[in-house]
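There are two complexes below, and they share chain A, which is joined by chain B in the first and by chain C in the second.
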Partner chain A sequence: MAITVKTLGRPQAESSYVRATLKGMALTFKHLFARKWTMQYPEQTSDADWTLSKRWRGTHRMAVDETGKAKCVACGLCPQICPANCIKLVAGEDEKGNRYPLVYEIDEFRCVFCGYCQEVCPEEAIHVGVDYENAEYSRDGFVYDLARLMKQPHEVSTLWDPSDPKGE
Partner chain B sequence: MTPVSGAAFVWISLIKILVVFSGLLTLIAFWTWVERRGAAWIQNRLGPNRVGPEGLFQPVADGLKNFIKEETLPPFSDRFLFVLAPMMAFTPALITFAVVPFASPLPTPWGLVNSAIADLPIGFLFILAISSLGVYGVVLAGWSSNNKYSLLGGLRGSAQMISYEVSMGLAAVAVLVLSGNITMNEIVARQQQSLWFVLPLFVAFMTFLIASFAETNRLPFDLPEAEAELIAGYHTEYSSMKFAMFYIAEYSNMVTASALLVTLFLGGWDIPFTAWDNTPPWTVLKFVATFAAFWAKVLFFMFGYVWVRWTLPRFRYDQLMDLGWKVLLPVALAYVMVVAVAVWALEALGVAFGVPYALALTAVSAVLGALLIWGLDHNRVIGGSASRQRARWRADAARAKGAA
Partner chain C sequence: MCLVDVEKSPKPVPSCATPVAPGMVVHVSSEQARTARRAVLEFLLINHPLDCPICDKSGECSLQDYADQEGRASGRYADYAKRYNPVEDFGPDILYVPNRCVLCTRCVRFMEDVAQAPTLNVSERGDRAHIDIFEGELLDHPWAGNVVDLCPVGSLLSKDFLNKARVWDFDKTASVCPGCTQGCNTVLETRDNAVVRIRPRPNPDVNRWWMCDEGRLNYGWLNRADRIEAPLVRQAGRLVPVDWEQALERAVEVMGAAAGPWVALVSPGASCEALEAAAKLLAVKGGSGAFRVAEGPEAPLAGVPDLALRKERAPNVHGAVAAGFGRDWAAAVELARRAALVLVVDDDLADVERPVASGPMIYVGTVLPEEARSAAVVLPCANVAEEEGSFQNLRGLRQHYAQAKSPPGMARPAAWILTAIHDALVSRVGTRA
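After this line comes the complex of A and B, so read on.
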């Protein structure tokens, strides 16, 4: 005996091409006048439905102390942990023996925005920030030096805290 | 007023060509914008709204971009045909419009000017002849690109366009039977004397409508380009203005198909419920009013193309052929027979051509149309090979049941 295949007799309303077409046309016509969800980006960077998370990891920012100097003590932990090897640090020492960065550069183009630098920093000096508008016309423009990192105006990102996983 | 003749005829024809050509190209450019905005709106997006007010100058920007872009010529292509193909697609699409009258005659100091560029006595045959040429653009583009996707697109295009041309022509035959003439102006005049042919020839209208979607290669019949399957089909290898010419050809096919639908079935430039617009003396006001009426109807169908495009999914190839040869062709053939018999019966009864005559045909068409829609609704006619397989399975199952 030949193999038989069970065929399902679907109801007419489900299998009719005519009805499906009319239904579809009505639906698309309704959508013509429905609410548009587009956020018009350059004018509008966030709206009620979409804002950057406070845990967004974007362009770096160097924290500054009360005297206006970078908090960085040039310990070398961030270039050590950086998986993309995008941080260049040359340490210097003043006459009191305080270490400070002579050169501190981050290549945002190489950066993978993992946030390890912020996690590892003992002085809470280097941060990843809540910002993504860092386009440049040349690759050189993506290498941020210390002064530029200190001048970044955006918020710093909040790292994930294992004891408070939902950030409450 | 007498029609223009002599040197004035030549000059006026030249002016008409220039005006209609540039008007059509403007409409086509505008319609690419409508298509993109319409698509966006249907998908709850905004669409291009940056260039100019509401993005109206987007087509201009697109055009400029297309002129500036690099012209590519695939090294293994047949150069002559590769360059020829876009022209072959573009030209017939625009030429077809030459015989379509889009308003009432315009009175000028030199005489009465017909709104069609060429008021050919063989108007409809001209359309059938020229619109068939459009397939050469598709198939030559597919062939000369020397690319398997292009070739597949071209082959699909040729098969599809030739298949649907048959039912399109047959649907139009019903119109010709009723109008007794193949001059476009006469077809319009006959509709003004009775009803718009969409009512007495409803089934032919439906057939023509579906076939015209297939003829213009628009969704749900866009198999020649089928981007999901064939990259871009026959115009995969084309760039810059050559690519744009295929685009213009597609849109001008849309305009022409809509204009034909309007002329054959929706009374052309007729304004409904009044005889003011179709009786002499012809005035400029009548010209403007009928012009607006014609284009309102055409734009309605052109919007329909956009609307359907973003509603229906693409047919499978065998389903497409199924619909063309097993549904539309028999329907169109049978309908021509029915209309011919009905017309013969009406003439035998001595009913004069007019509204009652058209109403009688409308009654016949309503019955047939209802039957057709019922049939389409209740039998999965557009099944393709899968439906044949299903029928086999059903038969096997029934036999197995009988044996048990």
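After this line comes the complex of A and C, so read on.
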């Protein structure tokens, strides 16, 4: 059985592609002169419109004290609170008898960047950082040890506004 | 900290020191009682340092619990510097941190009333009071480690445990101390499959709440790394690792072929179950066995009747005797040289003159000493922390202990090994007529 095709009798002015094409081109040309939002990453790495939030939670950084040692006292609260179980900590004693981390490793692959470690740290030692460039050549490179965490150059996250800690 | 409100009493009374009287009505959480307790807590916290993150007691500290219950985050004394005194060394295993001390004097009273060897005192008065040690004395009593458990805060610390672990990381397992024939009940605290600390488990019949230092620090061998991990059988003069099936098969073969009297050299550190299985196995073809015990000075805890670190430093001497093993080690070793078969259970054969046996030797043990390398079959067994079993103490009390960590490699409990050999052997040669 032959199919009956229904033909719509629209006027040429409506069914012509010329009008739609012109409309599309007009939009395209309008954008050529409009303000550009794209940052040319990685050629360009900073832009006034593309700053990360102060509360961005990226790869970690360990704070150091004035003598250049890690502030961490190996209290064990961060491995305890960590929901991803990505922090490995072995406590030890330094030459002055102070408690310090013998081993402190964060597996950034396991980390879910919740920021609980920074929140729970009583010494304000471990921080999540305002950073997103984490590429590595090997998987092992994503297990950050203490020396690496101390050397991280990026800003640390401000999890809350100090003047308004409860967000009111 | 235990102030409660009693009706018709003019002020809150300490519940720990107030006898119950007829018609007494006590309000534990009335407003007045809570206020009083809050005030006491505030006093205790004036000089208490805010160093919970580096304190070993953190997580099992009474003061921490109280502060947590009350829930006040800040104190009213923030403007004043806290009292500071340096850490003192009290004895071989004990440190005193005066800053954290709340002067409950539990340690002083333990040394005086329970150990009956007064060593500690409260020196100076008022604000300057602190726990001190008598002139020229040392807190080196064999039971001194108990003051660390008694301390409600982190003021008295064990040097052995210092900065080693956080207490909330531990898995705790009920066990029995393998140190001597007293059979103190213990808790094995393990982390990452290693025993990190041993603490006493209250048992009014055996050890009350106490445990001696020797037992406390006697855990290094439970974590030994040089263990046998697979059954070994002798093939062409060398010990070759095989699976359990082959190893048991070979053991049964060797034992089935050995006709004459058998000799067993067993350890009084093995469980009752293992020793009974060994005795049963020995009975298949007849034989005898003996054990030896390391001895040390007896150290009683004066204030508690019938509690001491016993002379015989093995947990299951009485279990071994009950299973039918003798104490004449020298005779058994002599006999072993002529026996058709020697069965060694968990003894390390140290100081036994080589060759231990002229006939074949079945060695069931945790480690492989030089003396055991001539064995026909070597079967790896679990140690006390890695198996379930029981020990019989010197009062005939048989106490069960649980498994705290997993054994290395293919090691299995000695009782399982000996029972498996026995069953296979009986099905092959039948019991002795």
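The rule is simple: the second predicted complex is superposed on the first by the 127 of 168 C-alpha atoms of A that agree within 3 Å, B and C clash if a C-alpha of one lies under 4 Å from a C-alpha of the other, contacts with A are read in each partner's own complex, and residues count from 1 in each chain.
Quick note on the criterion: a residue touches a chain if its C-beta (ideal position, glycine included) is under 8 Å from a C-beta of that chain, and two chains touch if they have at least 3 such contacts.
These numbers were taken from a predicted model, which means no experiment stands behind them.
Novice: Counting only touches as set out at the top, which of chain B and chain C does A:Ala48 meet: first, second, both, neither?
Specialist: neither
Novice: In this superposed model, does chain C or chain B come into contact with more residues of chain A?
Specialist: Chain A has more residues touched by B than by the other partner.
Novice: Just to be sure I read the superposition right, which of the two partners does A:Gly92 touch: chain B = first, chain C = second, or both, or neither?
Specialist: The second partner, chain C, only.
Novice: For A:Ala74, is the partner it touches chain B (first), chain C (second), both, or none of the two (neither)?
Specialist: A:Ala74: touches chain C, not chain B.
Novice: Of the two partner chains, chain B (first) and chain C (second), which one does A:Ala34 touch, if any: first, second, both, or neither?
Specialist: A:Ala34 sits against chain B, while chain C stays out of touch.
Novice: After superposition on the shared chain, which partner residues are touched by A:Gly24: those of chain B (first), chain C (second), both, or neither?
Specialist: Touch partner of A:Gly24: chain B, not chain C.
Novice: Residues on chain A in contact with chain B in one complex and with chain C in the other?
Specialist: none
Novice: Along chain C, where are the residues that touch chain A in the complex?
Specialist: Interface residues on the chain C side: 52-54, 58, 87, 162-166, 168-169.
Novice: What residues of chain A sit close enough to touch chain B in their complex?
Specialist: By the definition above, chain A touches chain B via 1-7, 12, 15-19, 21, 24-25, 27-29, 31-38, 40.
Novice: Within their complex, state which residues of chain A touch chain C.
Specialist: Its residues touching chain C are 73-77, 80, 91-93, 97-99, 122-123.
Novice: Residues of chain B touching chain A in their complex?
Specialist: Per the touch definition, chain B meets chain A at residues 38, 40-46, 307-308, 310-312, 373, 376-378, 380-382, 390, 393-394, 396-397, 399-400, 403.
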